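Please go over the structures that come below.
The two complexes that follow have chain A in common; it is paired with chain B in the first and with chain C in the second.
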Partner chain A sequence: MTFAAVHTAGADLDSASRPGGRALRWLITRLAGCLFVLVAAATITFFALRLIPGDPAQAVLGGPGSQASEAALNHAREEYGLNQPLIVQYLLQLGRYATGDLGTSYSLHEPVATVIGQQLGNTLILAITSLAAAWLFALLLAMWSARGGRIGTAIGSGLEIVAAAVPHFWLATVLILLFSSTLGWLPAVNVPGPIGLVLPTITLAVPLAGFLGQVMRESLLDATASPFVQSVRARGESELGVLWRHTLRHAALPAISLSAWALGSLISGAVVVETIFARPGIGRTLLAAVSDRDVPLVSGIVLVVALVYVLMTVLADVMDRLADPRLRVTRR
Partner chain B sequence: MTRPSITEVVCYAVILFLVVCAVAPWMLAPGDPLAIDPSAAFQPPSFSHLFGTDESGRDLYTRVVYGAAPSLLIGVAATAIGIALAVVLGTAAGLGPRWLDFGTSRLLEVLFALPGLLLALLFIVVYGPGIATSTIAVGLATAPGYARIIRSQMRAVSTAPYVEAAVVLGRGGWQRFSRTIMPNVGASLFVLVTLGVGQSIVWASSLSYLGLGAKPPTAEWGALLAAGRTYISSFWWLTFFPGLFIVLSAAAATVLGRSWQNRGRRA
Partner chain C sequence: MSFSLPRRSITRFSLSMVALSLTAIVLAGCAGEPSAGGDSATPVAGGTLTYASGDAEPTCLDPHVGGNYPQALVGTQFVESLVSENAKGQIIPWLATKWTHGSDGLSWTFSLKPNVKFTDGTPFDAAAVKANVEHIQDPATGSSTGYLALAKVKSVTVEDPHTVTFQLSSPDSALLESLTQPWLAMESPTALKRAQAVNCQTPVGTGPFMVKDWKKQDSITLVRNPHYTSPPADAKHSGKAYLNEIVWRFIPDSASRYAALQAGEVDVIDNAQPDTIVAAKKTKALTELNAPRPGASNRIELNSGKAPFNDEKVREAFVKSADVNAGIKSLFFGTAKRSYSALSSVEKLGYSQPSLFSYDPTAANTLLDQAGWTQRDSSGYRVKDGVRLSVVFPVSTNQSIPAEQSLFQQIQATAKKTGFDVQLEPMDLSSWYTALAKDQYNAVSAPYTKVGPDVLRILYDSAGITPAPSGYFANLSQLNDPQLDTLLTQASATTDATTRADLYTKAQKIILGGYYILPLYDQQNHYLLRTNVVGLRALPSVSTPTFYDAWLRR
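Up next is the complex of A and B:
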């Protein structure tokens, strides 16, 4: 037995004596990393938005066109703490963020936290249904193209590439033309309830399914060709059993690891999709805030999206460890 | 070298066609892309107007063909910016000392938390909308992804036996980088660029569509789509054809990139 093997075996005994101890330590380290990423994202956003040319106090009062008086400017500087040194403003900002205070929107004159609170739910619902739909499409596509023979694989992988290359706005246009204008089955603009969710969900899900399908198919093919599958087949397991009990797990693994990235791409896709379908949500709010140069709203949304993203990476890691026992045994 | 497959030939043909559109649009579309003819507004696709006409009676086919140059140029420029940044970051992390790798990798992690369009939008808030800013924004937003790939490539290549051989032969740092490491990373960089151009075209046209990039009457594809958006329910061709060209160019670049990647893997 080599030294390394002894070492690992010892570590296993160690963790066995304290069940959950290492998992907890892993989770704490992971969350500390997330906190660092959030603080850094807030820092980048703060200093980047300070590069906007012009007087920030003027921006508070609606830009150079508003012709604000000197007194009003001074008042705004006082109110938003703009007359303090930059580093003090930065630290105060971080302090407010830590207490959950995201500032007040210039354009909506409402607390940013309230605005985001009203909009985030809509976008998360859209993103989660799209993620689920993309998983389903991708899995079906991968299963079909992995076992469909040469022609099936060619068609499947062609579909995946085209799906991955389709821009959201064009897909939305085609879907609206087909299902709303021509067939009249589904509404083109947002209506309350699940029916209004169908077209936006498909729009967001298809390009993502193209990406996920490519990844899933490759790992599905790798798994199918591996020796353990041969031995399972030799024991007389049915095709469906092989797929369900053995190879599907392998196909799902890389896709799980990608789901944080996927959620991120869905949120940036939501900017386009919510605009086209006139659906309320964080993406459309962000676009409006960008056009208005509403600094607190932009930085608030950026921070919340970063928060959702890092929480999702942790969740994906946890799911990875649940789906793949190997990650729990080997030292990380 | 294996023979190119039918799919690859089709992709080469599509790209050749798009390049001709971009370099010599008058060869494919003899008309003037800005010539208006109010009496012929909103004509559906026909033999005289292949893709129909827009609200001022401008021929959409001509406009889409002329739109290839700005659209492809923006895509290529954005990719060049993204890859150039990524090469600097990826090289620093992949070949530099440990602390530099640590710092750069943390920076990339932070940038990953601002997914996709978010980073691009942040840049546009600061510098305002327009063709130049949206191009830089797309380059900036795609750089972290490339940088991570380049870093791992640099890592893999720099520990390869032939680099050790170069050390033994007494090659200096710069010479080792330019003569030994770069040529070996170059092939995968080339694939990355091909895949990236497709993505950049899609992103840049998304920004134009949102009104943050190229503005009408520029015949850029995203701007054409944005202009046609108003008439989406009555005049479908105004959004369908510009979008089709975006899909075609992105898909062709992606397919070629992937097949080169697979060849590299098999070789």
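Up next is the complex of A and C:
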């Protein structure tokens, strides 16, 4: 999905003289790019699932290894159109998507849209709190290490590398052992309310904070060393003022662009985190759907996640412009 | 049977690393019927119990649809069968009070318990039984397990409201055992008429609890049936259940499940792994309920349909090359007992022959020399006519717990010493079934749950070598012996208990003596519960827990 980011970033660069036409062209290119990403996601998912071993008709009849009778299998194949050639099934699925119909899950015997509707909210809440927490961790670390001179930088970058390298499943287990089994402060598995979000959020946020922190600290250092900051300081601005009004924006810029990517990675991290913490969500649903070869459900989830990702990329671009006056000036 | 009992396990370091410094208590071994917390205090009604399952979340709560173990686990709480089994392996009354069969074994008449109602108010009667059998046999239901079990049932006749007759196409000595299983439980015919998606969400039975709500990926809420009157004959009390409510959660990760139990967030967990069972035994707050599943033992099937295991000497050499006992000891910490039988230890007609399965590398080497595998290549593997002695072994990561996967690695290591190149191939369930369907294996371990020794007919009758339309076939050792087929067919048709036992013993001698399988241990089924949960037991039929007699000590 990275090519979407490249594509849309390219669209940003062109600037014509008529503002209205330019905005329209930008919008059209942008939408075409989004559409391409969505169709590609649907296509790759469909064929990937149908080319790996496993019979989707079994998903209808209780999962892999079902000893379904011939009559039951034929019934299922007919009901879900599995007896048609693969390419016809693919085109029918695309056709359904064009009308906004995500189809019916083989294994859950429910409309895919209903299943996603029930689960997406939980995952989005987790992803958004994790993104916010990652931002907070990264920002604090970047600010601290940028002020700490060479030693601060060394410690900061060491911590970031460790954080970025920590696998979710390992971190989750360590957190459960520490905060649930040993200290008894936090629940090991999901409970209603914000307290159940704490450990899953930290698990997802720490590795991401490592990535964001690295980017932030470098831009923060660059900004701090640049001539305009010196002139601000010469004007008598306090250290906090310099940070808050000037350098922080520089530090935030690349991290904002990264956040769209980050949200995508958080949703994939949710597969592991939701499983370990027994949280309902789209990641766990996806895992079960892949094992069952539930093609409509997997495709539907991938499509929705791709849609969220595409929307976030657009949003990140807008945020970029808000945070960076230079983008606004050059494009006016 | 259950064709999928995925125990998702994300491999990582185990909880046993936590220092549990609590006093160890020795748990009383539960011989016979497994039950836990069996003290004589007066039961207290009320309260909510939280159960955490490590099995996959069912995709449909109606156990007729598909029919796997996760459905049986939760289904046991809200649907009931015509008959059950007691700890001695005898068939006992449940929704049917008595039964008789014709002398030809082709008709079975059941008298039904009167005044029983489904929780939607529909009466349980002969017409309901007929509707249930027809529901299971309807291809549109997509029943696999129930459908197979009713293969010999031709039709069902309503004699009067409380008497029903099953007409069979051929005698079936396993009919009663099959009927104990939750996959053939009785559901409200009114509810069955609803759309399948609706019935999957809220199936209606006669059980002590009823499905109130199912939040997917999270929990099923079961509430007490206030009008309950129909416990099985071996229940400890009558009338309604003690618990107000059961919250049935799904916590796929073994370490999180155990941590939640320790913290008291849940009261009972299933699929307890060896390390957590050992840890639990060291704490006063937890007890164990060990209820091995019926049917086949966990065993490695050797594919006798193709080289190299089409040679009995090579099969015997492999069996004698595998140091199973050492592996079980070091990996299961005493939680699993070695099996020398094709059948589970809970099967009364199981036959064991330990002498066949001792670790003997010297004998194995001699056998391989005799079989012509005399050369060794540079890696130390045996070679014959330029072909290496390879054993392709697909491993289902859903069905084999981490300890079992490690056991396979130990077998791989000890078999290497005699010159076997065991190639372990971990894969997900769908890929694994596909590999089997394509005959791309020499060895495989596949669990099979079914009540009664008739499982032998499914697993070892030569008819089981031909794949079903779904690609599934059960005879994974591809055992093709007309004499065995005859024995198994006779055993499934006889109505005389002694003859039946004799025929099954003879059949098992052929299976074990031909080195078609390497038995490992029973299908592991360990529950851990907090000590304030009293009266929980596993139904002796398919070893699912029943919460009817359970209560919470306060």
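What we mean here is this: the second predicted complex is superposed on the first by the 265 of 332 C-alpha atoms of A that agree within 3 Å, B and C clash if a C-alpha of one lies under 4 Å from a C-alpha of the other, contacts with A are read in each partner's own complex, and residues count from 1 in each chain.
Heads up, the rule we're going with is that a contact is a pair of C-beta atoms (placed from the backbone, for glycine too) under 8 Å apart; a residue touches a chain by one contact, two chains touch by 3 or more.
Bear in mind that the values here come from a model prediction, so they are computed numbers and not experimental data.
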Check your understanding: For A:194, is the partner it touches chain B (first), chain C (second), both, or none of the two (neither)?
Key -> neither
Practice item. Using the superposition on chain A described above, determine whether A:275 touches chain B (first), chain C (second), both, or neither. Key: both
Practice item. In the overlay, answer first, second, both or neither for which of chain B and chain C A:109 touches. Key: second
Exercise for review: Could you tell me if A:285 is touching chain B, chain C, both of them or neither one (first, second, both, neither)?
Suggested key: second
Review point. Thinking of the overlay built on chain A, is A:180 touched by chain B (first), by chain C (second), by both, or by neither?
Key: both
Review point. With the two structures laid over each other on chain A, which partner does A:261 touch: chain B (first), chain C (second), both, or neither?
Key: first
Practice item. Figure out whether A:298 sits in contact with chain B (first) or chain C (second), or with both, or with neither. Key: first
Review point. Where does A:54 make contact in the superposed view: on chain B (first), on chain C (second), on both, or on neither?
Key: second
Check your understanding: Of the two partner chains, chain B (first) and chain C (second), which one does A:68 touch, if any: first, second, both, or neither?
Key -> second
**Study point:** chain C-contacting residues of chain A that also contact chain B
**Key:** 52, 169-170, 173, 176-177, 180-181, 188, 272, 275-276, 287, 291, 293
Review point. Contact residues on chain A for chain C in the complex?
Key: 52-55, 57-58, 60-76, 107-110, 115, 118-119, 169-170, 172-173, 176-177, 180-182, 184, 187-191, 272, 274-281, 284-285, 287-288, 291-293
Review point. For the complex, which residues does chain A have touching chain B?
Key: 33, 36-38, 40-41, 44-45, 48-49, 51-52, 154, 158, 161-162, 164-170, 173-174, 176-177, 180-181, 188, 261, 263-265, 267-269, 271-272, 275-276, 286-287, 289-291, 293, 295, 298, 302, 305-306, 309-310
Review point. How about chain C: which of its residues touch chain A in the complex?
Key: 1, 3-4, 6, 8, 10, 12-13, 15, 17-18, 52, 56-57, 59-60, 65-68, 139-145, 147-148, 196-197, 200, 215-218, 249-253, 255-257, 259-260, 262-263, 265-266, 398, 428-435, 468-472, 474
Check your understanding: Inside the complex, what are the residues of chain B that reach chain A?
Key -> 7, 106-107, 109-110, 112-118, 121-126, 129, 198, 202, 205-206, 209-212, 225, 229, 232-233, 236, 239-240, 243-244, 246-247, 250-251, 254-255, 258
